[in-house]
Every structure is written in structure tokens, then in C-alpha cells.
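Next come the structures, one after another.
Both complexes shown next keep subunit A, but they swap its partner, so subunit B is in the first and subunit C is in the second.
Let's look at the complex of A and B:
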């Protein structure tokens, strides 16, 4: 079960003076239940890429296949299948809170499910569940205006609106941009919980666009590096971040934690080996000290 | 007179939709010297943006005083003379897409002085100089919406410089930028402070940016709760974390190592160099025993 991009290229405004090729021959597989991160400089094609994955844009050439269903279909039946397949994918845009518009938080979260023509009962169930997932108490916040919430709460309410559609794949475009450290941590915690699943919940596939390399190192199973419309590296973050040449080509800096560890290792104060978070860093230093 | 901006027991309440007041600032006192670089650090909702808006009279005190070069903003407002403050204190806001208005970069920078009725030749001189100061001369004929976020913020800064302000208040100017843009803007701000002696008040929740300032003020729940040099403030890691703020990575790792029983020296560790020294000292001891 996966989403597959096969040699996807995309050109904005073809055959006009504004023509710009935003994606060139991108091939990738996104398997169910994993945490993926997409990194790249502004203008590298990240946003175009995620719009391809969820079928908002159609490739100029190549194809996107969602769990065996090609999104570009000609026949009536094919189109119907494609529409159903697209429903498995939820997209949280950058600054999603700018799109909150209903009078109450609950009504905003209900907008998507209602558009799908679900019963009132089912809509209510979905809204309660989605708000619980993002840790906004239904009783306390459901009836409030979205504009009465704090920045971090607004963003979580907006994410709840996507979760209420019960997607199996969740794409988030820089979900922590503009938030303070506490707000950032709350969003990352939420995303991590969704991906882990558990308590009778299916693990959700996460595809997160991020500029925060330390977050990618800490959370992602696999990362993709985009540069000028091309996919230039992919693999486990710890391995990709070893390739400093690829990173600097793409205009990215290695995670601060890895830079710090490198300094400690050079001084013989930490053991070699992969480090993804502070906990592992402490272990590497303790082992490094133990050796002398 | 020593201080450039004098904030005295400043309180501010916003009127909520239901008519009830919500206190955003609960008695802030702070003085900022001419040519000083102060960072105001705080989580969302701590009152730091409200404070920023008082510094050029966009908001007026519910009680207390804000004086810029001795001029009280509330008194100026009563006399309809807030322009006097606005010409001394320029503001740059968070969203790069909300503050540029003209169709061409140089027109945008000229907008402020034009409105003040400055002579055309003088406007031209100021626009040229301001764009040079932020490194945007090359883009003077461009449409602002085609610029990157960092470039837009630099144009916004140029707009403030063209007003010949003595002081720049930047309200989370990098929050919506990518790492590249963040670096560009911070470099320009540091240079303007260093080379032109501009007074800078940088509102931020990025710890790395606050490290660049001469003094850090930490806000929480509408009050100033910590104040000092970056070293003094960031040495109080646990308190900062409790306020929802970040601490430097080397300091964080040092704290975790201490927790895990590594007997690092008691002195504050904030930089990579200090962590290296601390660990090397430990290794030295291990050799002796």
C-alpha cells in the first residue's frame, strides 16, 4: 500500500513567456504508516511536489498512483476511482489558520465532512474525534470563534478540519512556521502521535515539508531533498545528512545537533555513530568519555 | 538625557468583543538607550507585540507612560502630533506580504518621505541610500511581490530608513521566512546597528536572534520577567524552558549530561566552545586518577 510518483514532471504555464518547469522527473514511493520529510530551499519545487502527491495538480508528464489507482484517468470509472483515491490524502497548507472562516471552531471542522455529504450524526462524531486528536477540548472550544484562539490553537483547529476528513496520508507544508517554540513542539508532538497510531488507531502516513533540519533528523523515517525541481537525495535522515555536498548544493544546512556532535567527535569527546536526538547525544558523549 | 525610549509602568488592555477588557501588558518599565540593540523575547501571547506597538504610538497606554526622546505618546496623540514619534521610530512587521504597497520597490521606499512632503531630490537621495544600506539596489525596479520573503523584509527596513528614523522596532521580522531569509534580515539589522548606530528593538521568539543583542528582555503574561545580557539570560535555561522558550543547543546538551551524572563544571555552558572545554577538563581528571 503506497503512493507512487513515476517520473513526474510539471511545467507551470506551458507555451507562454511565463513558462517555468517546476518538477523534473521525480520518482518516489511513499509507503503506508511511515514518516517522510521533504526538504529544499524556497523555490526548489517542494510545494509543487506535494500538490502532485494529492492530485491538486496533474503532472505534465509521468504519473501519480495512489494505492494502485492512477490519478490521471480518462474513463468515467477511472475518474471515479481517482476521486475516491484522492480522499485518502489530506493536505494541510502553510499557515492553514488563514483559511479558518466559520463562526465557530466546530462548524469550521465540520465543513469538509459536510461537503462530502455525510450524515449529521457522522459529522458530529468526526468533529469531536478530530478536535480530541489535536487536543482542543470540544466543550471548551467547539462553540468559540476561531478568532478567539491563540496562534498555536488556531493552527491545531485548522489541522482538525483536515483530520475530520479521516485521511490515511497526511501532507503538511511547513506546519510549524511562524509559531513560538511551545507551539512548534505541540504541533510536532501531534504529528508524531498521528503517525504512531496506537489505541485502536491506524498509523497515519506523514509527509512533512520542513526547513527545520533538526526536526527532520529527530522525527522522519525517510527524507527527500529537492533542488531546482529535482529529487537529489533520499534515504534515512542520518544518512542523507552525512552527504554535506548534496546538502550545500541544495542550499541546506545540516542539523545543529549534528554540527555540535561533529565538533565533540573531532575532539575525541563523543563516540562515532548515528545520533538523532539529545538523548542519543548524551549516550554518545558518555561512551566517548568512558573510553579515556 | 540617557535613555532614548522610556517606558514607565505601562499597562494596556484590549477591549474584547463582549466588552470585557483583557490586559495584555500589566505594568512594564523599561528604558532603552540611544544606539542600543535590545531583543525582546517571549512566547506567543506574552505581550511582546503589544509592547512593540506602543513604541511608535500605534497603541496608546491604558495607564503609565511611553516617552520617546522625552515626548509622551499620549500627550502627542492628544495634540495630533504622533508624527513626531513616527519619524523617529520605524516599524517592521512580521508578514512580508502585508507591508509593501507600491508596484515598484523604489516607489515603496519613497512612499513615507513623499507623504511627509519631502523635496523630490531629497527623496531620491534617501531612496538610493536606504536601498544601498539593505543591499537591495539591484532590485529597485522590481515588483515587490516577485521578491523573496527576506528581500521583502529588507525593502520594508529600507522604507523605515528613508524616513530617517533613529530607531527600528522589528516585530518578529523573520517568523515567516525560510532560514536563508532569516539570515539575510538579521545580517542587515546587525549591520545597521553597528555601522549607523541605529537603536534596534528586535521582538523575536528565536533564541539565536536574541543572542545577537546587547541586552535581552524576556516577557511573560504581559510583564518583563528577566533582563540582562544574552549570557545572563540564557544561563537561566530551566526558567526559559518553563516560559516556553528555547535555550542554546550546547547548553541544553550540557544540562542533559549533568542530569545523566556527568560532573561538568558548575559555570554556565552556552556555547560549543564552553561545552568542549568543560568535557576536556573532565577527561583531564580521568587521566590523573
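Let's look at the complex of A and C:
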């Protein structure tokens, strides 16, 4: 079970002077239950790519297949199948709080499920569940206007609006952009919990676009590097971040943590070996110091 | 989708027409339009059509793009033609039941359609070869004599510049919000007019909110940079009349004079 992109290319405004090719022959496979990250400079085609994955844009050439169902279908039956397949994918845009519009938080979260034509009880159940997932108390916030919330809360309410549709794949475009450190941590924690699943919940597939390399290193199972519409590297973050030439070519910098570890190793203060987060870094330093 | 819309129809280039001063271009366009209405004879139209074709050739804009500007008004042109074709009395050319087509109708219809097409093509030549910013600059310059009668020329131009500046931004924003709501299952394309209008609410509310926020921020930013209206304000790219403009003006006046003589001889 996976989403497959086969040689996907996309051109904005073809046949005009503003013509611009945003994607060039991108091929990737997104397996169920894993945490993917997409990194790239502004204008490298990340946003276009995720809109292809969830079927908002149709490739100029190439194909997107969601769990065996091609999204570009001609027949009526094929289109129906494609629409159902698209429902498995939830998309959280950049600054999702800007799409809030209803009078209350609960009504806004209910917007997606209502469009899916669910029963009122099912909608109510999903709203409560989604708000609980993003750690907003239904009793306290459900009846409030979304515009009364703080920045971080607004964003979590908007994410709840997507989660209420119970997608199996969740795509997030820079979910932490413009938040304070506390809000950032809360969102990342939420995404991580969703992906891990547990407590009777299926693990969710996460596809996160991010400029924060340290977050990618810490959370992602696999990362993709985009540059000028092409996929220039993919693999486990620890491996990709070792290829500094590819990174600097794409206009990216390695995570601060890895830069620090590099300096510590040069000074002989830390052991060699993969480091993904602060905890592992501390252990590597302890072991490095123990050897001295 | 919405990303395929271009606002204004500026076609970047560096042709003779692109290099003309926008003020001169506007004035000459007005002159040409006046000529189209005043000299309503086939000979005069021959000259004007030849001039239009020459301008189209040297504008550097592909013919296909230029002709596309006729498309929105195609139905009006066709309708006008039919009305004139059927509604002009005179010598019968073809009769089918109550429908009576006259030679006079045929010639009159063709003439009016030509006039409409010339007007559209010439004014699109102006917008194709002049960037919106230059156009508003020119408007401000041309309207400034009326300032003494209380016309706020600078303010009008500034409002237009700001509006133009924000059109692409707002289109992008609308596109983004539409897609966001679409991924939450909104369907804008089916249903009755009422359901479709209702489907616009989730787009309009966020759009208005962000538009007001942007307006607020822009006003603050302008004030922070001491903007206080048009008095004594200079421009980074001041408009300048060059030799090319004098040549164009001379040629156009010569043509107007020629057409007048032609009309007088008739």
C-alpha cells in the first residue's frame, strides 16, 4: 500500500510568456506508515509536488497512483475511484489557520466531514476526536470563535479540520512556519504522535515539507531533496545530510546539530556514529569523553 | 485553475511600441480612435487598417495573442453584424422568407464590425506593450492638469497602482484558499446557483480577512516610510519623451492631416 509518483512533470501556464516548468520527471514511492520529509529551497517545486500527490493539480506528463488507483482517470468509474482515493489524503497547507471561516471552532472542524456527507452523530464524534488529537479541549474551545484563539491554537484547530476527515496520509506544508518555539514543539509533537499511532490507532503516513533540517533529522524516516523541480537526493536523513555537496547545491544547510557534532569530533570530544537528536548527541559526547 | 489568469495583458518586450512614452501612446491612441469615428469612409479605413497592421507587426506581440483579445467581444461583434445585416433597408441581395438581406446591410455591417475590431485591437496594442505601472504613471501625468479643479490625480494613480500590485497576490491567495477548502471536500463546480454561492463563503471570509490585514499592514508600512501624498514627490523611473516619440507624433499628425484632406476632397 503506497502512493507512487511515476515520472511526474508539471508546467504552470503553458504556451504563455509566463510559462514555468515546476516539476521535471519526479519519481518517488511513499510507503504507508512512514514519516517522510521534503526539503528544498524556495521555488524548488515542493508545494507543486505535494499538490500533485493529493490530486489538486494534474501532472502535465507522468502519473500519480494512490494505492493502485491512478488519479488521472477518463472513465466515469475511474473518476469515482480516483475521488475516493483522494479522500485518503489530507493536506494541511502553509498557514492553515488562514482558511478558518466558521463562527465556532467546532463548526469549522465539522466542515470537512460535513462535505463528505456523513451523519450528524458521526460528524460530532469526529469533531470531538480531532480536537482531542490536537489537544484542544472541546468544552473550552469548541464553542469559541476561531479568531479568538492564539496563533498556535488556531493552527491546531485548522489541522483538526483536516484530521476530522480521517485521512490515512497526511501532508503538511511547513506546519511550524511563523510559530513561537512553544507552538512549534506542540505541532511537531502532535505530528510525531499521529505517525507513531498506538492506543488502537493506525500509524499515519506523514509527508512534511520543512525548512528546519534539525526537525527532519529528528523525526523523518526518509527525506527528499528538491532542486529546481528535480529530485536530487533521497534516503534516510542521516545519510542524505552527509552529502554536503548535494545539500549546498540545493541551497540547504546541514542540521545545526550535525555541524556541532562535526566540530566536537574534530576536537576529539565525541564518538563517531549516527546522531539524530539531542539525547543521542549527549550520549555520543559522553562516550567520546569516556575514551579520553 | 486560477493560476492561469493573467491580469492586465502586458506582453514583455522591447519593440518600438514598447519603447514609446506611455503618455504619448495614450494620446495617440485617443487621436486614432477619434479618426476612426470621424473619417467613416472606405479609403480612410484602408489607411487606418494598414497602419494597425503595421503597428501589430512591429509590436513584437505574436499575432495569435493579439487576436485573442478580440475573443471576449466576439459575440458582440457578430451580433452587431447580424443586426446591421438584417436591419438596413435597401437593394435586396438575398431573401429567405421574412429575412431580407440587403447590399447596404452587408456593407454597413462589415463597416461597423471593422470599426469595433480596430478599436479593440488598437487599445489592446496599448495594454500589450505598456506595463500597468507605466500606464498608471502616464494617467497621473495626463490627469495632473485637472488637479487645479480638485481632481486628486496622484491619489487616483496611487490607488490604481496599489490595486494592480495586489491583484496577483489576491489571486494567489484565492487559489490557495480554494485548494485548501477543496481538499476539505468543497465542490465549487456542481449544484444549483444557490449551493454554488454558498460554497463561496468558505473562500470569501478568509479572503476578506487577509485582504483587510494586508491593507492595514501596507498603510502602516507606507506611513512608517513617511508617505504623505503626492506633493513634491519624485519618481524613480521618470517618464521621458525621446526622439522616437517626436517621430511617432509627427507621423500620426501627418496621417490625420492627410485623412482630413482626403475627406475634404470627397
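Definition applied: the second predicted complex is superposed on the first by the 292 of 292 C-alpha atoms of A that agree within 3 Å, B and C clash if a C-alpha of one lies under 4 Å from a C-alpha of the other, contacts with A are read in each partner's own complex, and residues count from 1 in each chain.
Methods note: a contact is a pair of C-beta atoms (placed from the backbone, for glycine too) under 8 Å apart; a residue touches a chain by one contact, two chains touch by 3 or more.
Quantities reported herein were computed from a predicted structural model and do not represent experimental measurements.
With both complexes superposed, B is the one of subunit B and subunit C in contact with more subunit A residues.
Contact with subunit B, but none with subunit C, is seen for A:180 once the two complexes are overlaid on the shared chain. Of the two partner chains placed by the overlay, neither subunit B nor subunit C lies in contact with A:25.
Of the two partner chains, subunit C is the only one touched by A:161; subunit B is not. By the touch criterion stated above, A:13 is placed in contact with subunit C alone, subunit B being left untouched. With both structures placed on the common chain, the touch criterion links A:260 to subunit B but leaves subunit C unconnected.
Contacts of A:251 after superposition on the shared chain: subunit B is touched, whereas subunit C is not. Of the two partner chains placed by superposition, A:274 touches none, neither subunit B nor subunit C.
Subunit A has no residue lying at the interface with subunit B in one structure and with subunit C in the other.
Across the interface of their complex, subunit B is touched by residues 41-43, 95, 150-152, 177-183, 211, 251, 253, 256-257, 260, 263-264, 267-269, 278-279, 281-282, 285-286, 289, 292 of subunit A.
Subunit A makes touch with subunit C in their complex at residues 12-13, 16-18, 51, 54, 56, 87, 90-91, 93, 96, 98-101, 111-112, 115-116, 161-162, 165. Residues 43-45, 94, 148-149, 175-176, 178-181, 205, 244-246, 249-250, 252-253, 256-257, 260, 262, 272, 275-276, 279-280, 282-283, 286-287 of subunit B are the ones touching subunit A in the complex.
Of all the residues in subunit C, the ones that touch subunit A in their complex are 3-4, 6, 11-12, 176-177, 179-187, 201-202, 205-206, 209-210.
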